[in-house]
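Let me give you the structure first, and then I'll get to my questions.
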Amino acid sequence: MNASLIGFEIAVVLLGLGLLLLDLWTPPERRRGLGLAAALSLLLVLVATFVVPIPQEAVGFGGGYLFDGLALFFKRFFLVAAILVLVMQTEFADRIASGLSEFYALVLFALAGMMFAASANNFVMLFVAIELITVTFYVLTSFQRGRQASLEAGVKYLILGALSSGFLVFGIALVYGTSGTMSFPEIAAKIEANHSLAHQGLFQFGIVLVMVALGFKIAAVPMQIWAPDVYQGAPTPVSAFLAVGSKAAGVVLLLRVLLTAVPDLAGHSAKLLMVAAGVTILYGSLCAIPQRNIKRLLGYSSIASAGFLLLGLSALNLNGVSAILYYLGGYLFTVLAAFLVICIVTRSTAGQTSQEDDVGLFAGLHQRSPLLATALTLAMVSLAGVPPLAGFFGKFLLLKAVVESASSPDQTALRSAYYTLIAVGLTGVVISLYYYFGVVKAIFWSKGVGDLSPIPLSLPARLSLYVCIAGMIFLGVYPGPLLDLTDGVVKAVFK
Amino acid sequence: MSLLTHILGWPLLAALLLAFVPRNFRFLTRLIALAATFTSAVLAVVMFVKFDTAAATEYQFVEKLPWVASLGINYHVGVDGLNVGLVLMGALVAFAACCCAWEVQEREKEFYILLLAMTGGILGAFASLDVFFLYFFHELALVPTFIMIGVWGRGEEKDYATFKITLYLSIGALLALIGLLALYLQMPEGKRTFDLVSMTEHFRGKAMDGSAQQFIFPLLLFGFGILVSLWPFHTWAPLGYGSAPTPTAMLHAGVLKKFGLYGLIRIALPMMPEGAAMWMQWLALLCLGNIIYCGLVAMKQKDLNLLIGNSSVAHMGFVFLGIASLNVLGVTGAVLVMIAHGFLAALSFGLSGYLYQQTKTLEMEKLGGLLRQMPFFGAALVMAAMAGCGLPGFANFAGEALVFFGAWTEFRVVTIIAVWGALVIGAVYMLRAVRNVLHGSLPEQWHAVKDVATPWRRLPFALLLGALLLFGFYPALLTRKIEPVVKQIVKDARAVLKPSVTVGVKNLSE
Amino acid sequence: MENVLFYIFAALTLLFAFLCVANPFSRNPVTSAMFLVLTMISMAGLFVLLQAFFLAAVQILVYAGAVMVLFLFVIMLLDIKEEERRRFSRFSIALGGVSVIGLGFILFKTIRESKAGEGLKLVAVKGSDTAALGKALFTQYLLPFEIVSVLLLVAMVGVILLSKKDLK
Amino acid sequence: MNVGLEQYLMVSGLLFCFGLLGVVVRRNLIIMYMGLELMFNAANLALVAFSRFNDNLDGQLMVFFIITVAAAEVAVGLALIVALYRKRQSAHVEDLTTLKL
Amino acid sequence: MEAIKQFFSGLSWEQEFVIFTTLKVCIVLFGAVLPIVAYAVLVERKVSAWIQDRVGPNRATPFFVKYLPVVGPILVRLGIFHPLADGLKSFLKEDFTPAHVRKVYFWIAPAIAVVPAMLALAVIPFGSKLGDQKMVIADLNVGILFTFGIISLGVYGLVLAGYASNSKFSFLGGIRSSAQMISYEIAMGMSVIPIFMLVGDLNLSKVIAYQADGAWLVFKQPIAFVIFLVAAFAETNRLPFDLPEAETELVGGYHTEYSSMKFALFFIGEYTAMIAASAMMVVLFFGGWTLPFAGLNESATTFAMGLAHIGIFVSKMLFLMVVFIWVRWMLPRFRYDQLMDLGWRRFVPLALVNIVLTAVVLWALHPK
């Protein structure tokens, strides 16, 4: 039964199972290499997504699985992210006490979940995919169970994740109950046929609950509290995958629900989205200011980014959605570069400072490894939204979409709200400059640099860094191709 | 490739190249930086000479490449009478700043990379005919500024200054960005483009919606205004310049700051006449704040750098006044002042930087009698002070005179006050500075200071002074190019004003 | 009779649920767990009243029979001392109480106002609902089913990793 | 009063609130987790009621998935709590203090 | 008689349901289960005695019986009256509650141990028909699931007993039992899946009907039967898997601290669970109340035939119970890790293989 549709996912799951099995016959000292093997295999899958003939748009499995441009975009996105994360994991391998192969395999399973999420077309698929991701991350987050921080992060993620799941299922129940169907297009059709449905209290309540739950995935207010703790406590590659993969999965599901299932309601809840976006941006930016722990800082920065993603959503136009995709594309390289550097640097300084992952660890990095220093600097600058890097163009597009809504004649009622939102967004950008440059400053100009030994870099790590840097610069300097792609995808999917 | 692309491309290329030069090749580093800025300066001069003054309203040396087709973003550079002088000024100042960069002794590699990036950004910002790239290049120049101040800056308030300048300028830039985006979105769907030329054409043919103008114009005015240290958003400037390393201060105060003014003249005025008509009165009042208030503050300064910083803010007042007058004389004068002040500010900061290098202090009370010790330096400083006061013979005079003539027809009271401020206050603080630094008895501790000795070191100062004098004695070199363009802009900007209001007096070049 | 049974089961469900999370007499986790078991069982009763026999059985089998035993198991294994030595912060209780009551009120109101059940009648199940469920599960919902199996694998791997002894 | 969908929803809603109450007020991780289970069950009840009253099987299938997933989640969650307890000798939220500013 | 018929025919469906269900429950419980439990204990003692070459209980007698000629001494020798004496003893003994226990749970636990086992019997069809009444208390569509659900609740009694006793032996016993029961429930549950794949229904009456039409399932699904049988031993905590109460390690396991009637309840619980397990096996594997001759495969039409069916069912069940008892005294106790190993690494995979095999065979026989 149209199994070929899920060929990529099947490949990923099989790869994960294969890793678990291979572990049995691989001597411990060579297990680290399994990660690279997995990364290479994923690279093949990624190549396959370009080579294999792919249907333009296809629905399968009782309408629950949708293969369209958006799905393909996100599948490739997740694959790239997972490849880089796997490389990062091999760099991290020394700090994993046991279960290295499982460490790799779980990432693959999470990846499969994300890829399924990209194609979810009804609430059952949404729920199942999201849970596959979340449960995998519970384990991954607490993978370093010798470290108390890792365990605490896991527990925090667990409780809040389960809470959001609770909201999710109750929301799904209400939406299903009032509309009588689980499928996104059918819900849209029902609303089309009977407009009063969209205004029914229970239906709206259900949608809000679902939104809140998806907000957890992308770390948006009011479900953002976990992010800093979990980013800080989790093993670095896991934080990276959370920041990129899990967040993007939340975004794609949010898009599917809001734009496919309830396009009408999305318009009604614009104010809600705006408030969420604004508060998220402010919360993330303001709380990041006093942080000294780099991973925690990135946690808050990821909250702020979630706010920007919501900003694009609350623009309520297709350009906003396209901007979201673009922003995510840049975010992928930027954040992964940052975490890769953190991963490598903290490895070589592990145990030397009482405060792990402190920003101070980067003191003198430019002398120890210019490549790492460059990559981290570029990442920070890109996150801050400074040209000519990817982050700048992403934020530019997002702001453009919002300004577009603000000045469009259809949205006169919301005009002042949009202006406020823009102001908030700008404030966020300005504040973020401050703390991102704090990191840059630490890299180049911190005082009292102790250790100046050079940091060795493995070939895969080096290559990944080059890829990230190239991605950041290319997307910032020559945004044309990706923008055309995202525009095309969005226009084709959401009409 | 167009000459312009070369002018702005070489510094950027050199920045990239420097990234691969080993850290300890210090000579090579500096050589590359100097060569790149020198090339662009020479090319800029070539461009200036080859510029066809007769066709000043046309864009020349144009290069246009599609960049992001779906959004209508193009790499589009070109100069007309308005920005040709600015590009020249930028390139010259960049070269001078690069020459002055010898004071930086640590982490030279990073410094030069940032300096070159900034140079490229500045030149790109002035040469771009695409709104997106305009902003893009400006940001590219702005961010290195923050870093350079934060890292190589001096003084106890360095961190605070960095923070403040970052905050202010980012806010200003982002406000402007929103304004520009809104502008872009005012174009009808399907025809949307960031191309400045087409946008201007479009709005010339079909005026923008009034309410949109009321909204966008202040965004641009204050966004750009903050970038130019419009009173009361000017406080970042003296502080920032006081803490900045010399080349940065030269480049920023001299060139980058003019970007906001350029944006106002190039974008805001012609496209949004209604907005301009409404806000120009206020601008005229605010610019008094710059001229008088900041002039008075400058008088109180004990630190030479802060004094120059404040005076630079005060000078911006003249430009604002010229723009506010919204007639050919005033705006032409404003552009002239922009260029003249670019050279002047660079010169002043370069000199004060040299002094600081020698004495490690800029407190005027501790200095004195240095003229005897450093004749070249003294002479240059005196001339800079004279230019700052607006004495004839320097380019500033020409510009300021035009501004006052232009403004006189529009706001008499304001002009009177401004003239008084310019002549009296400006003269007072400049001359006091000269007296305190150069004259009087030479304190014991400064017996060892050395003058700018080698021709090599003198080059930047000589170059800037030369430019000031050249355009001072022969302003038509610029005005002839500027004026036709300004005429068109003023015509656009005045489109909605009552015809009874005079449109300029007469052509200057006649 | 069905109405009476509904009210009985509903009342029991709610009572047990409340006692599970906010038992005024005991803060012993075991007590909470046992009340949760009772909640599950009463809910299975509600399921039966809704003629969802399969799910009623699954509810008891999985929740009461496996999940809650796991809870009990863990509580005992850890021998978690009762919370009573710690005092609740008044603030958090008040805040939680208020927010939950607020949420309840909103829910109550929306349910009331949306008149969800209007015109809907419980239709008697024809034949075996298990067969219908099974058919749907293996045709329309095959993919989620398979994904859940991956999820279970992940959970298994995760649990083993998290709880096995270090070999050092 | 005849029992209809509304009554079932009321029960489900109240159950949801109780679950939330447990999560918000209680500080023992395991009891908080039980509150979460209650929330899941509230959703299950609502789904079954909706499914039966609409005569549509999707809801019951969803319940099936929810129960399965919840079981998996509980397994992982409890393993985690046990692992933490071994390190920390506590299962209280207030004791999760390592990760702070 | 007429009046009674009149009475019944005048009842509404609901009233009839309630009355007959109550009747069935009472009869099954007090007429069958409790006596069987009582005498199962006796059989247990007697069988163990025979196996160990002893005489076994042969003393208890009401004061008059031994004076009966011939029959009296035989009855006494057989120990017929021991169960009565045991029951009396458990009622009369001091009901001692140790000071350190958790009172509430200490009291509840024995009850919880008994109830599920008894509930599990509710769905088992112990005969075809008596008159118009089906001989099953609740003929559920999801019968088997219900049974498994209920059986899985049985673990609470033991766990709580262990917890409530607040002593380490009891506690370890409780923990062991919960782990053991949960583990084997999986193997057990999976072992019966092939049966329902063959039958196509979860209703136990249908399972019997299926076997009436063909061979008993024990022949079609021997692997399933073996797994089920072994799992049943583990589920009922019988030797060789009685780890929760292993005397040599844990004294009495979870019931160390119990005495008198509360202890007796555990005992009843264990034997009721045995009854339930045997009954399940009869239904699932041995054709329930059917016998493949004398027309006994058909549903009863006469009252006598109905009774005969019940008799057949009970006999099969008793036979299996004897097997339970027999095994107990023949096999030594496993070690705990062996037990877990057996469950997880032998039976679970085996059950899975069995499912796949059945599926393949079914697919081969009935290709779509």
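Some points to look at:
We call the chains A, B, C, D and E, going by the order they appear; numbering starts again at 1 in every chain.
The rule we apply is simple: a residue touches a chain if its C-beta (ideal position, glycine included) is under 8 Å from a C-beta of that chain, and two chains touch if they have at least 3 such contacts.
Quantities reported herein were computed from a predicted structural model and do not represent experimental measurements.
Annotation of chain A and chain C: jointly contacted by D, touch as defined at the top. Centroid distances from chain A, each centroid being the mean of CA atoms, peak for E. Looking at contact counts per chain pair, the maximum sits at C-D. Central chain by Cα centroid: A, whose mean Cα position is closest to the mean of all protein Cα atoms. Using CA-based centroids throughout, the chain positioned farthest away from chain C is B.
The distance from the centre of chain D to the centre of chain E, each centre being the mean of the chain's C-alpha atoms, comes to 34 Å.
Chain C and chain D, compared by their mean Cα positions, are separated by 6 Å.
Between the Cα centres of chain A and chain B there is a gap of 42 Å. Per-chain CA centroids place chain A at a distance of 54 Å from chain E.
Residue positions of chain C touching 2 or more other chains, listed in rising order: 54, 58-59, 66, 70, 77, 107, 111, 116, 129, 141, 144, 148, 151, 154-155, 158, 162. Under the touch rule stated earlier, the contacting chain pairs are A-B, A-C, A-D, C-D, C-E. Taken in their complex, chain D has these residues touching chain A: 9, 12, 16, 19-20, 23, 29, 32-33, 36, 39-40, 42-44, 46-47, 49-50, 54, 56, 58-59, 61-62, 65-66, 69, 72-73, 76-77, 80-81, 83-84, 87-88, 93, 96, 98-99, 101.
Per the touch definition, chain A reaches chain B in the complex via residues 366, 374, 381, 386-388, 392, 396, 399-400, 403-404, 406-408, 422, 426, 429-430, 433-434, 437, 440-441, 444-445, 478-480, 483-484, 487. Taken together, the chain C residues at the contact with chain E in this complex read 1, 30, 34, 37, 41, 44, 53-54, 56-61, 64-66, 69-70, 72-73, 76-77, 128-131. Here chain B touches chain A in the complex through residues 19, 66-71, 107, 110, 132, 136, 139-140, 143, 146-147, 150-151, 163, 166-167, 170-171, 174-175, 177-178, 181-182, 184-186, 212, going by the rule given at the top. The touching residues of chain E, counted against chain C in their complex, run 14, 105, 140-142, 145-146, 148-153, 155-156, 159-160, 162-163, 171, 174-175, 178-179, 182, 185, 200-203.
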